[in-house]
Amino acid sequence: MVNTTIDLGRGLVLRNPVMTASGTFGYGEEYTDFVDLAQLGGIIVKGTTLHPREGNPYPRMAETPSGMLNCVGLQNKGVQYFIDTIYPRIKDFDTNVLLNLSGSTLEDYVKGAEMVNELEKLPAIELNVSCPNVKQGGMAFGVTTTGISQVVSEVRKVYHKHLMVKLSPNVTNIAEIALAAEAAGADSVSLINTLMGMAIDAEKRKPKLSVITGGLSGACVKPVALRMVWQVAKAVKIPVVGLGGISNATDAVEFMLAGASAIEIGTANFIDPAVSAKVAVGITDYCKRFGFQSVIELIGALEC
Amino acid sequence: MKQVTDFILVEKRDYGRSVLLRLRAETTLPDIVPGQFVQVRVDGSPNTYLRRPISIHDVDFGNNEITLLVQQVGEGTRHLAAAKEGDIINVVLPLGNGFSFPEKGERCLLVGGGIGIAPLYFFAKVLGKKGIQPVLLLGGKTETDLIRLADYQQLGDAFVTTEDGSLGEKGFVTMHSVWTERQFDKIYVCGPKPMMKAVAKLAAETDAWCEVSLENLMACGLGACLCCVEDTVDGHVCVCKEGPVFNTRRLKW
Amino acid sequence: MVNTTIDLGRGLVLRNPVMTASGTFGYGEEYTDFVDLAQLGGIIVKGTTLHPREGNPYPRMAETPSGMLNCVGLQNKGVQYFIDTIYPRIKDFDTNVLLNLSGSTLEDYVKGAEMVNELEKLPAIELNVSCPNVKQGGMAFGVTTTGISQVVSEVRKVYHKHLMVKLSPNVTNIAEIALAAEAAGADSVSLINTLMGMAIDAEKRKPKLSVITGGLSGACVKPVALRMVWQVAKAVKIPVVGLGGISNATDAVEFMLAGASAIEIGTANFIDPAVSAKVAVGITDYCKRFGFQSVIELIGALEC
Amino acid sequence: MKQVTDFILVEKRDYGRSVLLRLRAETTLPDIVPGQFVQVRVDGSPNTYLRRPISIHDVDFGNNEITLLVQQVGEGTRHLAAAKEGDIINVVLPLGNGFSFPEKGERCLLVGGGIGIAPLYFFAKVLGKKGIQPVLLLGGKTETDLIRLADYQQLGDAFVTTEDGSLGEKGFVTMHSVWTERQFDKIYVCGPKPMMKAVAKLAAETDAWCEVSLENLMACGLGACLCCVEDTVDGHVCVCKEGPVFNTRRLKW
């Protein structure tokens, strides 16, 4: 028997290291025909902002080599709607439900975090300070150490459960940003959010996305994500949650070897809606094959 | 209930730019209603990362078979069209909502343009079974675009337009004489957006109720990613989940 | 007839917008069986440093989804060897030959540039301040505005021909870096160099590259490269040379629409050694098809 | 002169984990010498971005044919092995330097391990034509690894080892009795690195001259990218261009 439990700290204990990434798994409900959510460590719901947002105009996605761009732009009905309407529907899922909290102003983040602090069945928020798809998507906070310190420490003051901070890869020095988040009180960091990219229709001489640029995700970003997870895991003491292009159990193991304590699956859910549960099984199989008693032994086990 | 299923390609028919793919599952099919679609994984196509949404053209529940009509427009559909009988094709189904059924006695017109005729076949067939004989109006650029015309003609009165006049009346579907000669209560449309908009306008002018099937770019097909949105009176809604069929009154056209 | 000439300024005139990227086309000689070099706007030779370098240990490459990582680490025989032995062999190629000058210290860059300043048939250097694969690969210069200002302005003092500065994509704000290069006297900027990435062999629990991290290139990086070219072209007045994942003429046209005056082809040379000449033909075909009289009309012609 | 050529797969023979692919060009083949290799583009394999280096197993200049022996180890070689007769396979060739030819009268041993036997076939054939009969020593894990053994036996005295003893002498090639029974002037080796190192050591002990064919990871195959380097007495050199065949004295083994 392999022990698959991962304790990310401050009450966030995962049944196994596999979570689903925000914006790619809806509210979990969309996937229950394919995945028994009890087989997952957690699900992270769609990016939610204090106030409702209509998101960007269509078209919002473009396929790219081994990946895709999106510019959804944080379409959501706001934190209050989440609390009133969505939370009651999903709170009894037999897995950890995390809210991905996005924002544009410091006040929005703080207000939002405060509002969900008391939700009994919501053990953590993933603070999204890295959305590249809206002008005020928080990426301004996510790309400087001062920005991230500020938003994390303010949210920390009002939010008393597990505070995971999601980092942007669109930076010169990701370790520095992660250290700032840690110093400001983050319980864990998750990375990467999408890389900012662009696609052009040469025939029409127009951008393929309504707002010109978007976030790149999928298998193509894996090498960059893995490098950043490795850099951050070496730098910080808090747990690191790795994501970016994970498509199968081998990919997931690679992220854990690089130093991730848990992982998230994003775009791959679109290609195989049952992939998340398969990855969880596959990690256990890997441990069995190599004689690891606990998935914890994989964390940072890369021999350099 | 939705499922991911490996189908076997049991029959492929070549219609030039389009192919018909008859797929058989080893397991029982889920419930499927006309207007729903599937997401097909395209194997062996290096530049096709995401699944491809394709309408359900026909269903044979007895044999656990679905049929797709695929037009080659890019690398993904080209690879699908190159599949060989016996190949495994991985499909997520059924997705989206179907057409709403008319009341008995309502006069229905089904308008299809180009590959947009695909979902209308299954719809017309089911309507027939329910005792409703629809009128079909099918348009194409040229004669060869009108795939399976003889089969469509089995399902109701079928009228045709081609832009080059090679078959049926010359021009667009909106220019066909059937519009002046007959009256319809419900109009169902699938085809290129400009065509659907034109038909929707005609429908509105004759006070007919009108449903269209949209083909927005999709990633998940499940209502999870919010990529496929259409602007409606209720804001941005997902075509894959709340559509692909919409009443035109809901759309901000 | 389509006019394909591109004048990048200060004497660097290209027959057409297509060059080959440093480190992917050797010294041109390796490709003469496949490409008539006279069909190219220019070739940029392997990264050369003042002193010879053995580069990193093997293994130096790993395949990734739609791309590859490399950590060659600037293996080369030094500027003097280039001048004495390679330059005489390649100077009479019927195309522009550019030297990619890499370095680790300011003095090395300046010394190297000075040494090649008088080479009659070398109209330009591409200053590589962005190699992610060696500790002192100049990336330290390439990721801050002060670093880039310093190295570009010092080299500018001694180098009197066309000075192209190659930018690193591993930065928070590429436009800012490009503006600093422009202000310091660059005649053009080229981008992107490789994105820093990593690959792991899960079976062996070891990095796939000898020095753990490497540079990501190939089709997978195209969306990021295109976005950065677009951002930089909007910001600077000097010509922008675009590269990163260009695999065919359509890709090349996309970069020009985004604002590039010329393009470079890198990793794609490995997949089709004849691709560079095909891209040159394909750009002309595109112009013909859409009625453009000159490739210049493509530059920045994106309708946003 | 090197070229990129579309070949037609005219014959495929299945040897379990390995396949033999006989490829025919429509144009005249360039000069090719034993020990050279090709870079094959693997179509329809989404995770194979770069070409794959494969030794030239045999050449038929008269029919413009080359033959490859491909062992399935990953997705790229699996896709190659799945190619069907009639398929087009795009190849860059010829690459690298071949084995150096022995003088007449020199006693040659060709040692192949696993799929490393591939280039030795063409080499032994050409040696034979030059009037030099090599001794062949071929090793595998088990019997079925020794592909085309009867054909190799036509080209010289052929000895076999298998790790499980299912064919020939049991053990590694370096343990075969031929080493004690015969003397060789020149030894040519291709196989897994540990095997090549062991043979090189044996060769050095008997003062024999020894050439090995290396299989470093490659990107360009043309000496342009410097990815495939081997550490030699002259520093890092490209296996694709200065090799794949090296005299062991040059290597820092």
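Lettered A, B, C and D in written order, each chain numbered from 1.
Just so we're on the same page, a residue touches a chain if its C-beta (ideal position, glycine included) is under 8 Å from a C-beta of that chain, and two chains touch if they have at least 3 such contacts.
Keep in mind the model is a prediction, meaning the values are calculated, not measured.
Student: What chains touch chain A and also chain B?
Tutor: Chains touching both chain A and chain B: none.
Student: Which chains contact both chain A and chain C?
Tutor: Looking at chain C and chain A together, no chain touches each of them.
Student: Counting in whole Å, what is the centre-to-centre distance of chain B and chain C, each centre being its mean C-alpha position?
Tutor: Between these chains, centre-to-centre, one finds 47 Å.
Student: Taking the mean of the C-alpha atoms as each chain's centre, how many Å separate chain B from chain D?
Tutor: Taking the average C-alpha coordinate of chain B and of chain D, the gap between them is 54 Å.
Student: List the centre-to-centre spacing of chain C and chain D in whole Å, with centres computed as mean CA coordinates.
Tutor: 36
Student: Can you pull out the residues of chain A that are in contact with at least two other chains?
Tutor: Within chain A, residues 64-67, 218-219 contact more than one other chain.
Student: So which stretches of chain B touch two or more other chains?
Tutor: Those would be 46.
Student: Connecting every touching chain pair, does the picture come out as line, ring, star, complete or other?
Tutor: Its topology is that of a ring.
Student: Between which chains does touch occur?
Tutor: According to the stated criterion, the contacting chain pairs are A-B, A-C, B-D, C-D.
Student: Show which residues of chain B lie in contact with chain D when the two form their complex.
Tutor: The touching residues are 44-46.
Student: Would you tell me which residues of chain A are touching chain C in their complex?
Tutor: 64-67, 69, 143-144, 170-172, 195-200, 202, 204-207, 212-213, 216, 218-224, 226-227, 230, 245, 250, 253-254, 257-258, 286, 301-304
Student: Which chain C residues qualify as touching chain D in the complex?
Tutor: So the residues of chain C touching chain D come out as 23-26, 30-31, 33-34, 46, 54-55, 57-68, 70, 72, 75, 218-219, 267, 269-274.
Student: Which residues of chain D touch chain C once you look at their complex with the stated criterion?
Tutor: By the definition above, chain D touches chain C via 1-4, 41, 47-51, 92, 216-231, 235-236, 241.
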